Structures are given as C-alpha cells and as structure tokens.
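Which chain is which? They are A, B, C and D, in the order written, and residues in each are numbered from 1.
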Amino acid sequence: MSAALNILGQPVQPAANQIPAHIASLPDYEQQARHHIEASAWQHIQGGADQQLTLAHNRAAFDALRLVPRPLADLSGAHTRQMLLGQPLEHPILLAPVAYQTLAHPEGELASVRAATALQAGMLVSTLSSHTLEAIAQEAQHARHALQRRGPLWFQLYSQAERSHTLELVQRAESAGYEAIVWTVDASIKRSGFALPPGVAAANLRHVPSRQQAGSIDGPPLFGTPLAQQAPTWDELRWLRAHTRLPFILKGVLHPQQARQAVDCGVDALIVSNHGGRVLDGVVSPIEALPAIAAAVQVPLLLDSGVRWGTDVVKALALGASAVLVGRPQLHALACAGWLGVAHMLHLLRGELELAMAQLGCATLEEIGPDVLWRNT
Amino acid sequence: MSAALNILGQPVQPAANQIPAHIASLPDYEQQARHHIEASAWQHIQGGADQQLTLAHNRAAFDALRLVPRPLADLSGAHTRQMLLGQPLEHPILLAPVAYQTLAHPEGELASVRAATALQAGMLVSTLSSHTLEAIAQEAQHARHALQRRGPLWFQLYSQAERSHTLELVQRAESAGYEAIVWTVDASIKRSGFALPPGVAAANLRHVPSRQQAGSIDGPPLFGTPLAQQAPTWDELRWLRAHTRLPFILKGVLHPQQARQAVDCGVDALIVSNHGGRVLDGVVSPIEALPAIAAAVQVPLLLDSGVRWGTDVVKALALGASAVLVGRPQLHALACAGWLGVAHMLHLLRGELELAMAQLGCATLEEIGPDVLWRNT
Amino acid sequence: MSAALNILGQPVQPAANQIPAHIASLPDYEQQARHHIEASAWQHIQGGADQQLTLAHNRAAFDALRLVPRPLADLSGAHTRQMLLGQPLEHPILLAPVAYQTLAHPEGELASVRAATALQAGMLVSTLSSHTLEAIAQEAQHARHALQRRGPLWFQLYSQAERSHTLELVQRAESAGYEAIVWTVDASIKRSGFALPPGVAAANLRHVPSRQQAGSIDGPPLFGTPLAQQAPTWDELRWLRAHTRLPFILKGVLHPQQARQAVDCGVDALIVSNHGGRVLDGVVSPIEALPAIAAAVQVPLLLDSGVRWGTDVVKALALGASAVLVGRPQLHALACAGWLGVAHMLHLLRGELELAMAQLGCATLEEIGPDVLWRNT
Amino acid sequence: MSAALNILGQPVQPAANQIPAHIASLPDYEQQARHHIEASAWQHIQGGADQQLTLAHNRAAFDALRLVPRPLADLSGAHTRQMLLGQPLEHPILLAPVAYQTLAHPEGELASVRAATALQAGMLVSTLSSHTLEAIAQEAQHARHALQRRGPLWFQLYSQAERSHTLELVQRAESAGYEAIVWTVDASIKRSGFALPPGVAAANLRHVPSRQQAGSIDGPPLFGTPLAQQAPTWDELRWLRAHTRLPFILKGVLHPQQARQAVDCGVDALIVSNHGGRVLDGVVSPIEALPAIAAAVQVPLLLDSGVRWGTDVVKALALGASAVLVGRPQLHALACAGWLGVAHMLHLLRGELELAMAQLGCATLEEIGPDVLWRNT
C-alpha cells in the first residue's frame, strides 16, 4: 500500500511530539502543516469559494486597518479577562467549530478540546465533528479535572432535513454538558467536490440521512429541489430558540437588519462570519461588516474568518467584537504537533494580543476602543 | 501535413464526448479550452484591444462589487423566470452573438443553439456566424421539437456597406423565424490582425463585399476613407427600426445619453456592452455604466462583457439588468465538449446564480435589488 | 574588435529596411528596439530618475482615465486639423526634442525630420542634437520640396553657462528657419551616469564649455556650486523672450502658478511635461497636472511624457491640451527601421487617434471635450 | 573553521576600501550590503514585525506623496542650514540610533561617528551600541579636531529594569559630552528570535541585568510578568526629564495626544517613528502621522523610518519635520565600505535633497512647505 502524499508530493509526515523550533506565529503553522496533511484534504481545508476573492479579502480587510501606538501606559495590573454570556473568559480567543478534525490529526477534536482547556479558551464543537459530541465533552471533563482549568464548551448545530433529527442533536448537546448552542445558517447550501477519506465521518450523524443531492444538466440546479426547500428559515430559528434552555448564538450573520431580526427572535449573541470564505465568493468580510452590526444590536458579537495575528484580535475588539474565533489555524497546529500544537498556537496568539495591547496603551479589553485605529481622514 | 498546434505548442485536441470530470466553473472551461483550440484562433478569441486594460477591467469591475448575504429566507417556491420582450425566459442567461464558432468546434453555432434550447437559454446568432442563419434556425427547430423546450432566438446584425445588403440580412432573419434583431454598433471600426483559417468564413455574407481596407503610411489612416464614411449612424438606426416588425435591440451602448436617444428612436431594449474589451481599450465597463443607463431609460437592459460566475449575474441584475450574455465561455465550452459542454456551462452558471440567490435571500429575480450589494460608505 | 551588445547580450542589430510585420503599436516598437540599441544607451534612453516611480506613473495616470464610447456619430467629414501658434497642424502629434538621436540610428535627427515632414508632424529639435540644427533644417527643406508636405519645425533650447552662448543658439535657430523657440527649464540640474559613446556628441555645442561638474564627498553637492548659480531663472526668461521674434514656448511646467507667471512674461505656449520621468522622481504626471493649468491660462498647451496610444492623445485633448509630443518612441522606431519606422510610428498613433475619435463620436478635435471621460462619481 | 556565509550562501565579503563604482543611491548600498553581512544578522537587520506590512508601508507612504516641481527660482544663495535645539545643523539628515553596529563592520559606531563628523551630520548613539558610549564620544572628539567640522552627538536611552541603572546611563552620557538625551519608548516590549554572534554585545550594559524572559505555554505570555510591569510609563518620563540638564527628546511617538502630553512633561523635541517597522505590525507610518502631530505641538519634530531618498527628506520637511534620521542605510554603507561608505551615503542623500529643492524652487529649508506636494483633490 502506498503512503498518502501531501500537497508537495511527499509522504504525509506524522505530527511532531514537540513544537518545531522555527514556529513563531500562526502562519508559520500554516506553512509547516503542508507537510502533515494529505493533499486533497489540504485543498479542502485551505480552499475558498470560486475565485477565492473572499478568502483573500478576509485577510486584506484586517491588513487595511492600521493602528496608532500609544506607549507609556501603566501595565502593572493588565489582563485580558471578561464575562461572556454569564461565563468567565480568560482571554477573547475561541476555537471555531471546524469540521472533521481527524483530517488533520488522529485525535482530532479530542486533542483540540484538551488544548482549549489548557489555555482556558472557549471551544465550539461542530455538528460535523469526527468524534461524537459526547466523547469530546467527556475529554473536556477529564482535562478540566487534570489541569484545574476550563474554558467554555459550546455546540455548533447544523439543521438536519428532519426537525426531529435537529432537535435530537440539541438535546444530546444539553445532556453532554455543552454550555451554549451555536446555530450556523450560512452554509446549508454550497458546492463541494471533496470526498471524505476512509475512516473520517460525521460521528454525530451516523443514523441521520444526508442532504447531499446529485444534479443532472437536465434537471433544476437548486430551486425546486429538497435542498432549497429545507434550507434554514426564520421560522426554524424561532422554533429552535424555543427548544433549548441554553444560550443561543446565531453564526453567519453579516447584515445589520438580520442581526436585529435575530435578536428580536431571542438570540443571545451573534457570530459575524462569512464561513472563512468557503460558501459564497465576493461577500463582505466580517471585520468590515462588524461596525454596522455593533451599532444595530446590543448582544455580544463574536467574529470569525481571517484572524491570524494578535493585531487582528485588537482590530476586531476595537470595532465592536467581544471575542474572536480561529478556524483553519486549529487544523494547522493540530497537524503539526497535536494538542500541544493547538495549545501553543493559542499561546502565541494571546501573547501577540497582549504585546499589541501594551503598545497601544490598553491594560484591559475595555480600553480597546475605535481610537486605537488610524483613520485616513 | 502537420497537425495544428494549440497555444501550448501541442497538437490541438478534439472535443471530448463527455464533460471532463474536473470542470466545475466557466474558468475551468477556459483553462481546459487552451488544449482544444489552434494557437492563433485562441489569441484572437481571448485577446482585447491594445493593452487589454478593458479586458482586465471587465472582470475587476465585477470583482470590486461585493455582496451581503442574508440567509434564512424561505426558498420553497424560488424560481428564476421572467418575461422579456414578450417572450418567457426560464433564467436570465443568454448566449452572446459570438462570431465564427467553427473556430472552436466543427459544429459551431449548430451545437450552441442545441445547447441553448436544451437549457432554455436565449441565443443571439451573429451576422458573422460560420453556419448560415437559416441552418442555425433549422437546428433550433429540430431541437425544440426533440426536447420540447425552447429559448428565444435572436439575430445579431452588422451593417453592410450597402443598405440593401443590410436589409437583406434582416429579411432573411425574419423569414427564418428569428424573434428579435440585435444591431451591434460598437465594432464597425476596429483593428484586427487575425486571418480566418481555411474553411471558416462568414456564411451569411458569401455574396456581400467586405469592408476591409488596407492602409499605407502615406494615406489617411481612417477619416476620409469609406470605412469612416459608412459607419453606422443615428440615421441608419431610424431607417433600420422602420424596416423590421421584430423587437429591435441596440448592442454596444455605454452612455446614458445615447441610451435615451436610442429609445426615442424606437429601440425596444439595449445591450450594455463594450464588446468584451475587443474594440477600444480603456473604456468603462458595462457593469459600471449600467446604473446610470438604468436610471435614464425604462426599456429592458441586457449586460455583456465579463460575466463568468453566478455572482456576476446577481450583480448585473442588482444594478438594473434584466439578463446577461456570455460570450467567450461559449467557445471554451464548445471546444472542450461540443454542445454538451455549452449545455453544461449554462447549467453551471445557472446553478451558481441560484446558490447566490439562496445566500442572498432572494427567491425570485425581482428580489435582487441594489441592497444585495455592500457599499463602503 | 568585438561588436557592441544589446540589452539581451546579443550583437546590436542594424535597423531594418522595412517595417517588421509584427509591429502594430508603439509598444511593439519599444519591444523590438531592444535588439537594435547598445545596452548602456538603452538603459540611458529607457531609464527614469531614482525608483522610476514617475516613469511608471506617467503611464498609470493615462491608464487610470477611462473613456465612454458614443458610436453612431456621422463621421463623413471627420478630420484632425487645427491651427497652432499661427501654423497649420494636420494632426496633434509632434516629435519631442529627444537628444542624441544617433544613439538609436546613424541618421539620427535627419531621419526623424524626414519622417515628420512625410507625416506632416511637428518636430522639436534638441539643443543636444547629434546633427547640427542647420543640417537638420536643411534636411527638412529637402523633404518638404520632395514630398510637397510640411510640418512645423521648432528649436528646443537649453541655457548655457554664458548668456552669449545661449543667445547664439537662438540666433542660429532663427537664421536656419526654425519657427519657434522651446525653452526647457526642468532639466538643467540632474544626475546622470551615462557617458556618450565615441562619435556621438552635442553637434550644436562644439565650442561651448560644458556645465558638467564632478563632486567630492567633502565638497558641497549642489548648492554653492556654479551649476546651482547658473540655473535658469525668471529673469533669464524675460531676457530670452525679449531676444527673439519667434513664438516662445516654455517646456517643463507642472504648476498652475508658474504657468500664469510664464504667460505674464510673454510666453506664447506651454509644454506640460515632467521630462519623461527622467529628472525628479515622485512628481505629478502631466496628464494629472493639465486640468489645473488649462484652467489657469489661455495659451495653447502641449503635453509630453507617457503618450503611447491614440487613446492617450484623446485623453490629453479632453483635459485641455492642443497637441501632444512623443519622445522615446521616436528612438524606438528609429532604431528599428530608420526614418520609415518613425513615419510608421506616427501613422500608427494617428490611426489609433482617429479610431478612438470614431468610437467616441468625435468628428473633429474640437469635439473632444471632458465628456468623453468616465467619472467615477 | 568555516567562513560565515551571507544571505546569498557565499562567504561574507569584507568591506571595500573605496566606494564601489556602481553605487549611486541608498538602495544601491542595500543591494550591495547583502554580500557583506552574515545571513542571520542580515535577516535581523532587514526584518520587520509579523507580516512586515509596516516595513513595506513605511516606503509606500513616502512614495504615495507626490511633488510639483517649480523651476526658475533663484538658487544663487541656496543652503540647507538651520538651528536645532540651540545647535547648528549643516543639513537635516541625522544618523538614527542603530544598535550593535559591529554586526555590519568591525569598527561599528566608531566608523559611523567619524563619517557623521566629516559630513556634519548629527549622530544618535544607541544604548545598545557595540562600543561604549565613552569610546564613541572620544572618537567624535578626534574626528572633530582632525577635520575641523562637527555634527551634534546625542545619546539614545533605553530604560533598564532598575531606575538606578537607567540614571547611570544618563550620567555617563552627560559626562562623555553628549548634547541631548533621546529616550526611546516604543520598543521595550517586542519579540525577537535573533541571537547576537560571539564578540557582539551591548558594551554599555556589561554590568546591567538583562530584561529578557523566557515564556512557557502554561504561563502568562506578557501581562503579569516583570517585562510588562517595568515598561516605560509617563511617571518614568517625568522622573527622567527631571534628572538631566540636557535637551530631552522622546522617540517613538505617533499619536498627537501623546505628543501634547509629552511636551507638557517638558520634552524638548519628538522623534516621530515606528521603529522602522520592527515592533508592532500594521501601525501607521511616521510620514502619515506627522501632519497631525505638527498641528498639535510646537517643539521640533524629527522623523524616522523609511527615509531612503532626497525626495523623502523634502516630503518630511514639507509636512512639518525639522530633520530626518536614517537607520538601516547606515549599516548597509558601513558593511560595504566602512566609515567612507557612511560618509558617501550621507553625501548622496544630501545631494538628492538639494537637487529636489532646486527642482521645487526652494532655496532654503524654510521654503519647503506643504505646497510642494501634489494633492489629488
């Protein structure tokens, strides 16, 4: 049997047992991870929709924002703590709900949740996790006891074709001890040519029928098919919100009017996200959409898509976010060095955030306001 | 006899009998088509005027527009139908009047019209078609009967040096069953160094004298020559409009004042186009010019030049177009896989359009308004 | 003795006796000319100051302006004629005063003036011509008689260290039949590392002492040296204007205030130029500076620096110029095909101008107004 | 023992004894210096923080400003002299406080101060100099006597963990004859992976404990550690200002509010700087921040970060600076040709400044106002 090849055409390297010495940033992990992931999985993980304009723009929109340092502040009592949805957060960096993490490392989400616990980071577990949500929650419990630390554990929900299957996922998450439900609504309809390799599957959905559909040139491409008819709706949101006692978060909002409408439906927080540029190309980036949403609603906002540097976290908070999620870097770090890699990745990002805060004269998250940003006017 | 070479220096590959597995978008067809078209024909097809600024800008202008998703809409009755010039359109994607289609595939326009019929797309047949307009109309009839489907069939007209020859083309189109006359006025004067290969000719114009002229360094380059003196004029427009009972469409308008003047002359619809960047370099792109034209006139507007993705269609409709035309992708698809390729290309584009509408919360074309676009203000 | 090498490291090719078949634009001449000019001369000709930002910007500023076609105009009586400083101009394209033209071709300015006469283009002869101004004027007379055509012949003046030497040049130009004096004031102080090859020299200045000076690290770099103390001044302008009966043109103006001041000193026309980006890097481009100058003064304006396409000529005229000058393309065409090349180059540019006018619906130069330009507002 | 390798993988070349003939600008020195510096030192010298956006932007911000020439001014008495902090300056170009100059050349700061004296340029000696501040001051005295010329000599101060150590540095600088204290506050907290090679050390700090700290993934990355608790504060500024009789300059200011606050604390001048893009990525560039700071305070402003051309000096002065500092080019010139290289580099930059002033019609520094800049409005 021939070994799996990475994108460089070489055999896939297993994860290292320690942090590679040259890694000093999240993009260093991305660069290194090319050696550790099979080629088609790599393309699936890294890719964006169509021309990948949104993928590139998610970065460019951060880079276009510039900061004005203000040294000489007193940093003796500086910290990055806050309360979010009634839960204490040690720092504003969470792990986004990335699907199928065993594509990157055999331990997958189990490693990620251990790292999140060690670094007191929140973790969002995907409906499409490659370990069951129960197994991941159990691993979180073990880690919390062993380390005497913890971060929030939330469940990310995709609607299923049958509402009963959707509700069952919510109830399983509640039973397993998840502390919030995050409903993703921006990716129910998209194109993908990626086939999961043997051994990787949606562990939570073994008995649930797939929504995949094949199309012929003759037939309707989307409208009129079950995929379109079963897409998430406002009606489903109201129904879901009524069926869980947990804090309920909507993920995939970019329009202020939708944000208001969601809050009116009882949503407790929003994740401003374009799904990492994976769904529709040419859409606005979350960091650009954020100010108008922050002006429109009072609930906590989290931001997703493109966060790679501590200065990105500062920029998101300056424009109204309470916290940020990191997606692909989880897989990069996982592939390079397993749970240790993810922990180190979180440590690097938090260190960069604090360094940026120090240069900007901000001793707490509350002091990160729009005045840290340079305006060209 | 040596085989014809493609732009890669390899023998030209014949069209495939099925869709190549890796093709999932119009640019995929473009990439693949390089293998299937002779080098000088490829350069002629792909090229733009001078520095090709307009060619590049036609794409950049679409890419500069960005969308704001609005998921959660009810898509259960979604569709893409509309009436256009009294004719039903299943979706807003038409085949532009591309000349000399046997450059790409031996069946040329016969294959294209079969594909258009199968996908219920409108087709515009060029004056410079490599099969006669009558043969193409006949093929359309056969396909309509066989498939029990149809799309609009329009004739694109270039003025000839003698008005009698121009009028003859109109009358032939009327007799053959074409449902509209599309008069192109932006390409009567241009430079081209391309010589048609043996076997490819303007089938409709076998008895009509060519307007080509050779210039010497001593003589006048353009002004004072027959080419300048016989260029289309407003006077010719009024004369033409009076000589056909069919809907009359003007192609090549970019200035709102000209749009108004054309409507005053009895034109029924306009195609906002810069001829795919082939004529004058450095001109405004149709997608940029569209809003002012939409504000200036009430007739239906179609848009041409640069459409490659479903999101481009959405953007054109958001800014006032009723439908779009695709040009070069016809030849790309034709070269790769004949009529099946063209049908698949149309299917892909329509699928992308519906996916974009779903993400934008638009269940019908009427719901695609300017508010789907992000504004940087 | 080894042959001179071109920038490609190959022996310099002599000029061809006919137009190379693939040349269809001025940039085609530039591309081809690399084969025909010795490497260090090529770098001198092509180069710009410092980072060459201005060199690039001169092109980018043209490319940033975009046009709105307006076909359907009546072109039956179209032409490009005008009167300029009392002299008839067949078209608005002149040859800029390029120095040392024997760097490109043994016939140098003699070939250029023949081509200018054949194409009825104005020619500006440089103080630093490699043939004497008298020899060039005599060649112009021969060509006018032989061809029964003519274009304006002007003399470009650089001030010399002694006013007597400067005045002598003016008087020689008057005696030789030049029809205007063009005083260049933007290049008296600049850096150059280029050494003229054997056989190339400033033919007009054989008895005039050079202003060149060598600097040491210890000494003053510029201020306090004769070069700074003898630079052209307003006082010298008034003196010069009083010492010639010919029309007097100032070349090198980019500031509207200077334009007004120059007109107050009796200057008859201005050439808006940044010396082809050769003197000071990072300066405004003429096409950008033009509108404010056109608003400030009433005298004819010519534009220099970056003109390569017919659409550039249209853009310059739309913003207030009466005519344009082409510089480096003269040398490119000269190197490729001698006087025939220069004539062809002028023919190409004029043809492109007329094609653009036709697409823009302009039958005369007067009809080229600011409304041919697209505005993003 | 194998020789040290440069970034090209070749043995490091020693400095030349004369100026290489092809060097005509500061970027020429940068290009050449790659041959003369060991690879890891080169990367340390050239590098910027994170993505190096600020490093690139420092140049782009200069390049985005454009100038409007105004020739014909009378330059007979032109000069570049001014008084700065009570000290005469022959020209507005100073050597920035670059650390560890023996990385580039064995003579390091001793060579730089000799060159500065020869060219009458100010020199700022770094706390992290590789020769002691006393040795550098002594070398300056020797050069002043030998050449009968001088430039200002200032000491750049980094705070130490103990205030007593900081104060000792100030007192040593005063005793050694330094004429101003420059306190740098924007780099007390930053990341660096560079290890000094054997033989290179902070000569002034041999008995002072280092602030370096190692971090573990488990521990706090910055906040709560001594590094954060001992960072410079406003309180320390007031203390320092009270403990020296020398002019006191603050380096690292980019925010107008901080500039005002610093002046209120008794600071005599400010250096607007982002530390050459080495500390925090994505921050505003000094040349952009300058106008608001110039509007906010009355004290002299110096500008640092990105100056490479004479036109950059003009732009800085036009926007409110009194003088500029050059950093990396010192090391480049030092590596290429020792003290002679640094002298030549200063001579080149001053020559470019004067050439630009001549083209802009400015005979003195006072005449360089905002009206030399082109505005796109």
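Just a few scattered comments:
One rule holds for everything that comes next: contacts are C-beta pairs under 8 Å (C-beta built on N, C-alpha and C of every residue); 3 or more make two chains touch, one makes a residue touch a chain.
Predicted, not measured: the structure shown is a model, and the values here were computed from it.
At the interface between subunit A and subunit D, two copies of one sequence, fewer than half of the residue numbers in use are shared by both copies.
Put simply, the C-alpha centre of subunit A and that of subunit C have 60 angstrom between them. The distance from the centre of subunit A to the centre of subunit B, with each centre set as the mean of the Cα atoms, comes to 42 Å.
Not a single residue in subunit D touches at least two other chains. Working note: touching chain pairs come out as A-B, A-D, B-C, C-D. Note for the complex: subunit A touches subunit B at residues 50-51, 53, 57, 185-186, 188-191, 193, 215, 217-218, 221-224, 228-229, 231-235, 237, 252, 254-255, 257-258, 274, 279-284, 288-289. Of all residues in subunit C, those touching subunit B in their complex are 24-25, 27, 63, 65-76, 78-80, 118-119, 309, 311, 340, 343-344, 347, 350-352, 354-359, 363, 374.
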